[in-house]
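You will see chain A twice below: alongside chain B first, and alongside chain C after that.
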Partner chain A sequence: MSASHSYGPRPWTFYALAALFTLFVIFLYGPMIAVLVLSFQGPSGSLVFPLRDPSLMWFDELFNPRRTGDVMGALGRSLPLAVLVMILTVLISVTAGFAFRRRFRGATIIFYTAIASLIIPGLVLSIGTLVTFKYLGLRAAWYTSALGAHLSWSLPFGLLIMFAILGRLSPSYEEAAYDLGASKWQTVKNVVVPIVFPGMIAVALFGFTLSYDEFPRSWLTVGTKNTLPLEIWTMTTNVTSPALYALGTVTTVVSFIVIAIALGSIVIIQRKRSRGK
Partner chain B sequence: MNNTATMKAAAAGAPAQESGEIRLVGITKQFGNSYAVRDINLTIPHGSYCCLLGPSGCGKTTILRMIAGHETPTSGEVWIGDQMVVGKPPVERGTAMMFQSYALFPHLSILDNVAFYLKMRGVGKEERRSRAEDMLRRVQLDHFKDRMPAQLSGGQQQRVALARSLITNPKVLLLDEPLSALDEFLRLRMRGELKSLQNELGITFVHVTHTQPEAIALADMVVVMDTGRIDQADTANMIFDKPETPYVARFMGGQNVLTGTVEKGAAGRLRLKTAAGTVIEAASGSAPEGSPLSISVRRDRIDLARKETLPAGAVNALAGRVVATEYQGSYVKVTIDIGSDLFVANVSDSAYFKDPADVGDHVVASWQAETVHLLRKVDSGETGASYLEGGH
Partner chain C sequence: MAQNKNLTTFLQVAPLSVVLFFFFVVPVALVVLVSFFRYQMLVGIVPQFTLKNYVDLINNPTTWTLYLSTIKFALIVLAITFVLGFWISYFLVFHVRNLIVAIGLFLVCTVPFWTSNIIRMISWRPVLGKEGLINSGLLKAGIIDQPYQWLLYSDFSVVVAYVHLFTLFMIVPIFNSMARIDKSLLEAAIDAGATRWGVIWNVVLPLSKTGIALGALFVVTLVMGDFFVVTVMSGGLSGSATSGMFNDLQFMNYPRAAASAVVLLIVVLLIATAIFRLVDVRKELVR
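Let's turn to the complex of A and B:
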């Protein structure tokens, strides 16, 4: 770490880039920290700084709503939806990843068709889904139309991650398993899945967070009852209290917990592999 | 390393050893429109150490993979013992393969890697652990049984891969460039271990390599390959000393190849003259007058003298200018520009240092008629030309 010793004084570009990075960090975490701090605003405080008489009253307001919206109800829809999207994304991406591993006819076309939904604007997809459901006489709800819309967003990511992971999986592992008398199914169960498991956790993480935070693809597809991002949006227009900040803090904490669980399990698996049991 | 004697005992647990003779009959493998190998016929005797030798892309690995069952020939038959094995999985063939990068399962401990075959066959946990431990003890790695593959050195990983292959009790062990991932020191040591292991197990080893010294050091039978076909299959000594084609002579190194036209020679002598005017006489052999012929002369059978020009009427001698000298310890490799080509003489260190020829010096290289070896094919100058400098 003694770069300055071996290469002489740091060039001015180092300081320019360091300043740029500092700005980046401020923009990334500044708003989050501001919301976090203001969510502890006291009864005499307002929507802006300074923080007066810190309290937990807005968290209480959030979980025992008098004036705010149906936050717990929205969370009760957003969480199961995100879990459902996560499970389906992992299942479909992993199996599709294996299918694409052995080249089949039309693989390229199917791949680009799947990836194309990444560039369709979310709001357009939302409108299209609603219109189609209306035309077919189906009712939009979080577990039908919103689930489909979210999958159209999470699957391409899941697929791309699996491609990257399976691309690095040497075929010689499967051949070695075959050489040692393993059946196809034994090879998948005992060799392939354990090796790509960290990648599957990454896919799960993406599936969960993409759905949990999704706004545009939820907008018209959730039906009459909102998911959490939509509820927050509604609140910004008609709730003018720091309860909004408390909500922001709670949802961010949920996201962080999910990410920590995912990354933690990847670290544990890799540590186990490099150090032995 | 004295682990091989005990490893034999492990493999000898099998009932009477079945034959591990490998017969390839008219094997062709096509990938799309290109041929990886074409019409290969080869018999590898039971219990021999066979090296498939050739540059990358010559098809040697494809042959190994077809014997292993990881590739299906487009046409032709693969026989192991008295079984036609095309379409059969490796375990039924009695083969085991050691992969180039060893392909140890990264998520399993060393013990579980070795026990993998037994686990797949439904052997109970206690039994498979104790059998795998026995096998690990035999490669002297039992104290590492709970480690993960990533924690072992290359040489240790290779021994684990060997143990994992041998626990299947194979008739034939297939090794895909097993030494290429090791550093020079370890490579020589593992080379010795492989050889003595094969001696003591008595099963057939087929070893793919692109390194000539490795093949010569190990093999009872060397199969030299050139783009999809076999050029020569013979003992290491024959391959090195009596190559059949210019390609083999050049690829193995250690030979100079000269091409000329057959002329009328003295009784019992074959005489030819190269385009550059060098006259060569061979002590034996015959060829019709006027036909083109290629010969080889071993680099270490060349005498060098510091002389400006060739004496008139000289036979089995040519003049040139030294362009490089390389000290190799027991000998010195002297490269001579003879105008049309490069000619190499490996001169023993004692002879060389009596009168060291330096770069730029003019020398005359000469050899005995008895050392001239006739090649079966005329040098086209094309195949194998890029391997001119291979070997020593």
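Let's turn to the complex of A and C:
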């Protein structure tokens, strides 16, 4: 909690870096806010500012599939896919994370395979998965090939987060619990889970959002029906109305709800735990 | 007991290994295999060994131009994101005195990461466009009397979008490394007579190198493998190392697309290996 230097007047670098930070935040959020505002553009407004007679017409148009394509359908595939990826990412990377606390044969090769899977260009993997499904005579679909392609990218992320979390869980905590007479189950429930749980929520958040927003890995693997990012991509070339911004607002709101749930539950858990002490 | 433990470990890593095998190892192996097959119009992939796909690629001057352009983007973006990532992390870790505030500001930086990349890209249009916020602002202020054309659909806007999307990949690992630095080290250095810059150069920078290496790995590989940002933000004017792959796929020429993919993969893996040579990332991660 202590600052690097003893408390005293702030050095000039503080103000310089605070200014840099503020500019960076404006740079990060400014364009997003612009899109958010412009999605309420009225009938006489254009794709740019100023905002004229604010209305909800573009949201209305968005859910009217005649004009803008199958947005609702795409959302109806993207959400279950993201939830599926989230659940599997948590289950698989948490269990694997525990294995890596011990030395075992093949640890190095699995680790480097995971890293390679993380940094391989999404397009390369997309082609590979498509070719694999072709050779196996399977049909590509969002719940098979796209699910696998998304997992190959969310699992390494989940694993890295688990490394960071489990680094803080010293094996001596568990040993202490055993020495005090706790059973294996009690140790897991009262020692391991409380330490690991916030990290699991972080893994879940990554799993969900990485899948929900993933484009390159979905591109060739979703089969005949688009997920939401692909639908947006098609719209960027076909749709030249603020409906595109309205879609941006809708997707971002979904993301923000998910982020709020995740961060909120981490805060609640931390608070409960500190009250328990 | 030992037998039992081995079995547990095996069961714990089995699901991860199975997914990585079927959705990473097999696809990559098949891409490599197909890249040596022949392509025939209307038939598609013909399983006959050939090096033609690679020869075509290497003899095509466009390949080289595209790779050069992608490497140029990667280096520019790497430099900018490193400077931003380093100083923002430094600010959060060493200048913000309250831990809760520091974590809050860190989250402010990370939230956009969890939203859609495509939407974040598109959101530059009303800002940088000919009638966008910046041009209309400058026109109104009387600084310019013609809108700047180079703000959007140019190399400039490509770099802006990359920095916008990828700086986070620098901030998170560098922040993580810096947060682990024992603050008393800095005080010791100052007591020993080091200047502020001396501390940054000799203590903070070397101790953050794992984070910097991981960040660089993410940024470079993301830029190298990108197709969509460069296409949207350059308005189709610039290509990337993946453009050839994209074109081949439109014509269902999987073998040549696979050859492009293999070349790209080799380049990316070489970069990754170079970074891992410089810093033992694994030792730092699994402790």
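Here, the second predicted complex is superposed on the first by the 246 of 277 C-alpha atoms of A that agree within 3 Å, B and C clash if a C-alpha of one lies under 4 Å from a C-alpha of the other, contacts with A are read in each partner's own complex, and residues count from 1 in each chain.
In the analysis below, a contact is a pair of C-beta atoms (placed from the backbone, for glycine too) under 8 Å apart; a residue touches a chain by one contact, two chains touch by 3 or more.
Small disclaimer: the values here were computed from a predicted structure and weren't measured.
Counted by residues of chain A touched, the larger count belongs to C, out of chain B and chain C.
Look at A:Gly248: by the touch rule set out above, it reaches chain C but stays clear of chain B. Touch criterion met: A:Val35 reaches chain C, while chain B stays clear of it. When the shared chain is aligned, chain C comes close enough to touch A:Leu220, but chain B does not.
When the shared chain is aligned, chain C comes close enough to touch A:Leu159, but chain B does not.
Put simply, chain A touches chain C in their complex at residues 1-7, 10-11, 13-14, 17-18, 20-21, 24-25, 27-32, 34-35, 38, 46-49, 91-93, 95-96, 98-100, 102, 104, 106, 108, 110-117, 119-125, 127-129, 131-132, 135, 148-149, 151-152, 155, 159-160, 163-164, 167, 205, 209, 212-213, 215-216, 220, 228-229, 232-233, 236, 244-245, 247-248, 251-252, 255-256, 258-259, 263.
Looking at the complex, you find that chain C touches chain A at residues 5-6, 8-13, 15-17, 19-20, 22-28, 30-31, 34, 84, 87-88, 90-92, 94-95, 97-99, 105, 107-109, 111-120, 122-127, 129, 131-133, 136, 164, 167, 176, 183, 186-187, 190, 196, 217-218, 221, 224-228, 232, 242, 245-246, 249, 254, 257-258, 261, 264-265, 268-269, 272, 282, 285-287. Those residues of chain A that touch chain B in the shared complex are 170, 172-173, 175-183, 186, 190-191, 194-195, 197, 272-277.
Contacts from chain B toward chain A in the complex involve residues 68-70, 89-91, 95-97, 99-101, 103, 105-109, 116-117, 119-121, 146-148, 150-151, 164-165, 168.
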